Amino acid sequence: MILYSFLFALLTALLSLFIRREYNYIRWILYSAVLASLTFLIYTMNGLWGYSESFKLLSVGSVDFSLNFKVTPLSWLFSFFTTGLSLSISLFSIVKNRHEESERSIGFFWLILSVCNIAIFLSADLLTLFIFWEAMTFVSFFVISPGWTKSFKAVNYYFILSILGAFAMLVGIFFLYSKSATFNIESNIAQLFVLYELNSPQAIFITLMFVLGFFTKSALMPFHIWPAEAHSEAPDDFSSYLSGIMIKYGLYGSILFLVPLFVFISKFSQTQPMSNHIPLFSHILAWVGAITSVVATFLAVKSNDMKRLAAWSTVGNIGYAATSIFILSSMGVAGGIFHIINHAIFKTAIFLSLAAVKYRTHEREMHRLGGLAYKMPVTFLTFLLGIIAAAGIPPLNGYASKWMIYQSLLSGRFPFLATMIFLSSTGAFMYLFRALHSVFLGQLPSKFDDVKEVPFLMQIPMYILMLLMVIIGIFPGTVLLPVNSILKSMNMEEIKVTYTTMYSMLSSVDAPIVFLVFAGSFAFAFILYLIGKPRRHVELLDNYTAGQDPKEFGLTREMYHFALKFYEPFEHMFDKYPRTNTKEFYDSFERKINETGSFIKKFYSSSPRSAVYIFTLSIVLIIIYGWLVW
Amino acid sequence: MRETSFNTGKFFALIIVAVLGIFMISPFFDTGSGKKISPRLENLKDRVSLHYGLKNVNDASKNIEECQGDYYTCREGVKCNNVIYKETADAETGPANLVTSIVLDYRAFDTLGEITVLFISILGVALLMTGFPALPVKNESMIQSAGAKFLVPIIMLVGIYIFLHGHLTPGGGFPGGAVIATGFLLMFMTSGDYNFRSRRFKTVETAAGTIIVALAIAGLIFKDSFFANFLPNGRLGDLFSSFLIVIIYSLIGIKVGSELSVGLRNLYTGEKDD
Amino acid sequence: MIDNRLIYVMSLLLFLVGLYGVLTRKNILKMLVAVSIMETAANIFLIGLGYISNSSAPILSESLKQVNLLGSNISDPLPHSLVLTAIVIGVGTTALGIAIAVRLYSHYRTLNINKMGDKDEL
Amino acid sequence: MSYNSAILLIAAPLLMAFLSFILGIFNKRIPAILLVLTLSFNFYFSTYLLTLVSSKGVLVSVISGFEPPFGINLVLTYFSLLLLSLIYLIILSASVVFVSKKTDENTVKVATLLFLFTAAASGLLLTGDIFNMFVFFEIFAVANISLISLKKNKTSLKGSFKYLLLSSIGSAFLLFGIGMIYGTLGTLNIAEIGLRFYELSPLTGAFIFIMFLGAILSETETFPFNFWITDSYKGARNFVNILLGSASSVAALYIFFRLFFTIIGYPINNRYEFLISMDARLIIALISAISVIVSEIGALSSKSVKRILAFSSASQMGMILFAFSISDFNSFSAALTLIFNLSLSKAILFLSSHEIMKGAKEKNIESFTGGLGRNPVFSALFIFGSLSMVGFPLTLGFYGKISLVASAVSASGYFSILVFVILLASAAELFYYFRLMHKLFVSEQNHTEKTKMNWFYAASGSLLLAVMIILALMPKFTERIVSSAAGDMMDKTTYIERVLKAEDLK
Amino acid sequence: MLLLIMFIFLFILIFLSALFAVLAKDLLFCVISLGVMSLATSIVFFILNAPDVAITEASVGAALTTAIYVFGVRRTEREEK
């Protein structure tokens, strides 16, 4: 059933390539239909825990390649939410890509990507996971950079890092396979635990390989540079997919493989070093997550491009979730999963609204925008709710998950981690509010006078996402109850939660009450706004230069737009401290390789004599090596 | 390259050559255990060529088949019926010249490959020299051309003798062909009016090649083995003996002769289809 | 009375001379000459493998009625046939090499190999 | 019945080579048609023999009527026939490309060269005699040199001259090695040498090993020995690239296998000790790993497409040699899968890249720009080929790479470290292939009109693609092929027993 | 004994002519000394009981190869620059 639906989707993708450019919208409607049916299929699998499918492929040597799928609570939750979100994004894309000049291959690859996405979540063993992981990496290359020279440079970071990570994971998988002779996840975890008990350095090496694979994909330190490049240069509607869904695979892998392993170690191990009741390794990874979130926050504050800003915000949120997951308490894991799903929703909303802005204005730099709230109210509202959720302000869903993360950090006695998360959360508020203000509030540049709201079909996904944010905010149990069944399936203690109320060791929150309080105060403020003094519309120049022509002072319009260099004073505070530039590091590495390559190339096209010379020299070297060995 | 680095190149080349030389010489003065190359060869007892010399390969291989599982001592216990010059008739291979019997009977397939190498390299030369200008012809002297006209028939005759008599005396298709080619070389180098038609030579050459392969395939048809000797062998040492080998050697001689002439001509004047 | 080892050493020396030539000469034709020397060296080595002192050439004649059962009265004929093949192969390779050299000369107007490194085609 | 008619695989192209030279005088099309016909015959016949061999085991075909070890013989093993069918397939596709070209004064000669190339490849893969192998090796080298130099421009001449020098030195080395074997063991039959190689003294063994190494490594495009590749690939004509990159590489790998694993051998039981065992394997593994790294880096900074493909070919060959050096059943299976992948997809890549770059002034990466719009069929072929090359999941390359990693990791520490390095290096491969593919997707403002499609190219490309897809998507079939061939590679005892007609060697 | 002396003499001749062929500046001299080497080698082959090879080497190696080389030299340049 699962595989046939995949084949059906792939076949549809292939057939759609033959649709003519004039009928682009048919192609996208087809994709939406396929995605809808896939969503429905996954929905019907709810509760069929343990349902599995297996397909034998080639067996080369001793390795039997086969595809194994299995439905577990974890895989169901992730696949259902991600597919549903991609369905809503695809509705947006129908309109965006209906023009003749838009790339027709994006949709094709995107549908394959959606299939890979479901397959990654449903895969029952490590080999299947790796197969679809790699396929996803390869295919996403073409969607991020569908033949744009600029986006090619951006996608490089993503691609190289992902590939290196995937290969590291491959080595890890096969090191384990050579010990356990199976790809089954549970038995491999048990095998790795045995290796840990034998205290062999191999165990740490294998774990490190898996960590590399997962962390490169999820852009944790020190691989945090790619989202800013890739998300900002990807097609606008795909950015939301990339940021909302694809960046989560690493965390999914961690929950699938690393968390059970560490839990196992913390419960049964006699030999491994512990710190704060969790294995040292896990503790270090939690710190990596926290540091990532802080670093990403600072970088987001600096950026002037709205998509870039949202990308850095994604990295920061991934950092929270990673920290929360790796402290290994039930509350932490539940909070992590909850935050992953919430982040998927609100980040999709943010990116979709940014895409809507760009669809109408073709502008990405924040200081060239402004005052769009009146022109595009629905988009504005989506963005507003999105950043409220992202900043963790009640009563939306981001609040609920952040609350759980703080609670788990505090109850697990990780004060420093909690401080760092608090810090970056505050920072998130700084940059997100700036984005809201620069893009939607303030003065409307005159060139955007005739900007309209996006078509209705593009608004539908925004409505859906707003609704989701509010509903999950009020009833966190809708997600947390399935999360509880995940915890149960992972043999962890369940958390205490009802549809409306969350309980932690320290306190409890009743979400509807919080919502009512906030809704009441908002209504109060709105009434005040209505009965207050009537407003008068003032021209931009009147407001800023008292009616004088700025050209007399040698100024341009951009220079007195407040959004340009918004946080410059804040950045000056850090001027004294030395900076490390990760991107520069990667770039210098690339330059080194290129220099070596040119050297080799030059050697290859030099004269025949040197060819003979090196030929003989290497034979002599082999002889000398032989003399030394024997 | 600058003068200094050039000298370093020479110096390192000397070192490389010295190391390689020491390595390559060491097996000849090896005193370790195991089989090694003998400083003085005494006999051919443990070599396959002993049976080529005795012309009893079929017996030897039957013997090996009989004493299965004991392969090592098997070679030495062959019942020996060696052939005698001018007495043995219908030996398993005809020529009195043992090298010829190897070249054209025991290891005839190598020779086919050898022909092919020559053919393909002359083909390569032709391809490379296509459309290349001819060498300037020097003013020919009377003595040269007259001497050549006198010499060439003799050279040709010697060549033909060498390959026709290859089964009895030293020589054979390759040296014979080379001698013939030298004759043609002399012809077109000395006398400018000699009309050298490459196409004729090529036709003769490829026809000879075709016949050789066809004869080999005929062996496959008649005797169930490629290159099998399906003509009578006659008495060892007679002029009229081992007919197939004489035929094939003559064909090889014709082929190599015309081939090398064409190759030399190509180098001399460039390839033209005339 | 010739020791086989003498032949081996001689062929090796010749081989090394050829190798040195290939390594150090910068003229294409000379490199080909050096390669020819190497091939000749290999041929001498092969012939040396089959040489039995105080024996005769492997041709049955009036003076050599038959080969004795140990095969000690003829030199090994097999290497001879191998060398025949090797010589012809050597000629073929040489001819091809000369043709390439001539063509190269027509492109570069020099036989010096160091002047053939191309800067334009990187 | 006897299987002596297997010689037709060599004799038919040889006969046709001579015959087509005569027939070409009348009509220049005849040799081309004969070429395709002969190759089809050879392909059919080799697959027929393959089915025969798979049911009856190793078969021996005798030449001149003298049984081994005295006469020359052909040995039909599953492995050699499998590779031979593959090679025929590739030569067939290359010759279809060649046939599509306009006839000129060289057509007949080039057709003859292709015939002889076929014969040489058949001889190399089938022969059971080491000196015979040397002869075919020479034919093969000379054929390659002539084919490379067809274009007669600077690059191709230089490339072919380098190839000539390296292969001449290599063949001198090989001759020394063969002489040493004959001088000590007194035989030239590969099976008998393999049987008795352990008797040799260590120094003699090392001598032979080094001589073979020098002879073969330049053919297998391994790094310090492969300085001919870039100029040769760059300068050669299109169908020659296909032959060089796919057919020649496969043949070279086969010779490598025969020289190092059948002759020098590996342990089967106590009888066949791998004389210079682990150390020799480590040398090969080390060299191949270095080769992979260097050629990947070289390809990364290259601009010319053919040069990139040449370097990539070298790195793939390095990977296959690495798989050989591990030398157990799993790694041989991986090597076979990689060989299939290398030969088929490299042929597709050369073919399609040539068509995509048609009309461009400089044959570099930039000429790929907008290929998908200009030339959709060949761009699609190129994308399929390179996806298989880089190991997109569920393609042949993926299976090969993964099983290589699996076998290396389970072999020993040394190999698992090296395989890690190789994997990291092959990430570079992904990078440059994706760079090329990305260029195909770039849509230009000024839409150039579509290039006229060459149906011959498309036919041969889709033939290869079909084979690749069949191999990747028909698990039972591929599994049977790979496992029987790998089993055949492991089983040296049967090879020796069948050739020497000795049963129960233990 | 006579054979040995002759052999050693030829050996020295071969070695010297090979060295000369490699080291000489004038290409024609190179080629001619290569021919001399081939001729001496063919005599060595004769001494080593290989008359077939001797004849082949004399006709193919000494005569033909030299001719080919001479053509090569005439088509290019004689002096090494």
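In order of appearance the chains are A, B, C, D and E, and numbering begins at 1 in each one.
One rule holds for everything that comes next: a residue touches a chain if its C-beta (ideal position, glycine included) is under 8 Å from a C-beta of that chain, and two chains touch if they have at least 3 such contacts.
Small disclaimer: the values here were computed from a predicted structure and weren't measured.
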**Message:** According to the touch definition, list the chains common to the neighbour sets of subunit B and subunit C.
**Reply:** A, D, E
**Fill in**
Ranking chains by how close their C-alpha centroid sits to the total C-alpha centroid puts first chain D
**Asked** Centre to centre, by mean C-alpha position, how many angstrom separate subunit B and subunit D?
**Response** 29
**Between subunit A and subunit C, centroid-to-centroid distance (C-alpha), Å** = 68
**Request:** With chain centres taken as the means of their Cα atoms, state the distance from subunit A to subunit B in Å.
**Result:** 73
**Message:** As a quick test, compute the distance in whole Å between the mean CA positions of subunit A and subunit E.
**Reply:** 76
**Fill in**
Touching two or more other chains in subunit B are residues 9, 13, 16, 20, 23-24, 37-38, 44, 47-49, 52, 97, 99, 107, 110, 113-114, 117, 120-121, 124, 128, 170, 172, 174, 263, 267
**Message:** Quick check: what residues of subunit D touch more than one other chain, meaning two or more?
**Reply:** 131, 135, 138, 142, 145-146, 149, 152, 158, 161, 165, 169, 176, 182-183, 188, 202, 206, 210
**Request:** Provide the list of subunit A residues touching at least two other chains, using ranges where the numbers run on.
**Result:** 598, 601, 605, 608, 612-613, 616-617, 619, 623
**Request:** Sort out which chains touch which and give me every pair.
**Result:** A-B, A-C, A-D, B-C, B-D, B-E, C-D, C-E
**Fill in**
Residue positions on subunit A within touch of subunit C in the complex are 598, 601-602, 605-609, 612-613, 616
**Fill in**
The subunit C residues in contact with subunit A across the complex are 19, 22-23, 25-26, 28, 31, 113-114, 116-118, 121-122
**Asked** Of all residues in subunit E, which touch subunit C in the complex?
**Response** 1, 3-4, 7, 11, 14-15, 18-19, 21-22, 27, 30-31, 34, 37-38, 41, 44-45, 47-53, 56-57, 60-61, 64-65, 68-69, 71-73, 75-77, 80-81
**Prompt:** If you look only at subunit B, which of its residues touch subunit C in the complex?
**Reply:** 1, 9-10, 13-14, 16-17, 20-21, 24-25, 28-29, 37-45, 47-50, 52-54, 80, 82-86, 96-99, 101-103, 107, 110-111, 113-114, 117-118, 120-122, 124-125, 128-129, 132, 168-170, 172, 174, 236-237, 263, 266-267
**Complete:** subunit C residues touching subunit B in their complex are 3-5, 8-9, 12-13, 15-16, 19-20, 23-24, 49-53, 57-62, 64-72, 74, 76-78, 80-82, 84-85, 87-89, 91-93, 95-96, 98-100, 102-103, 106, 114
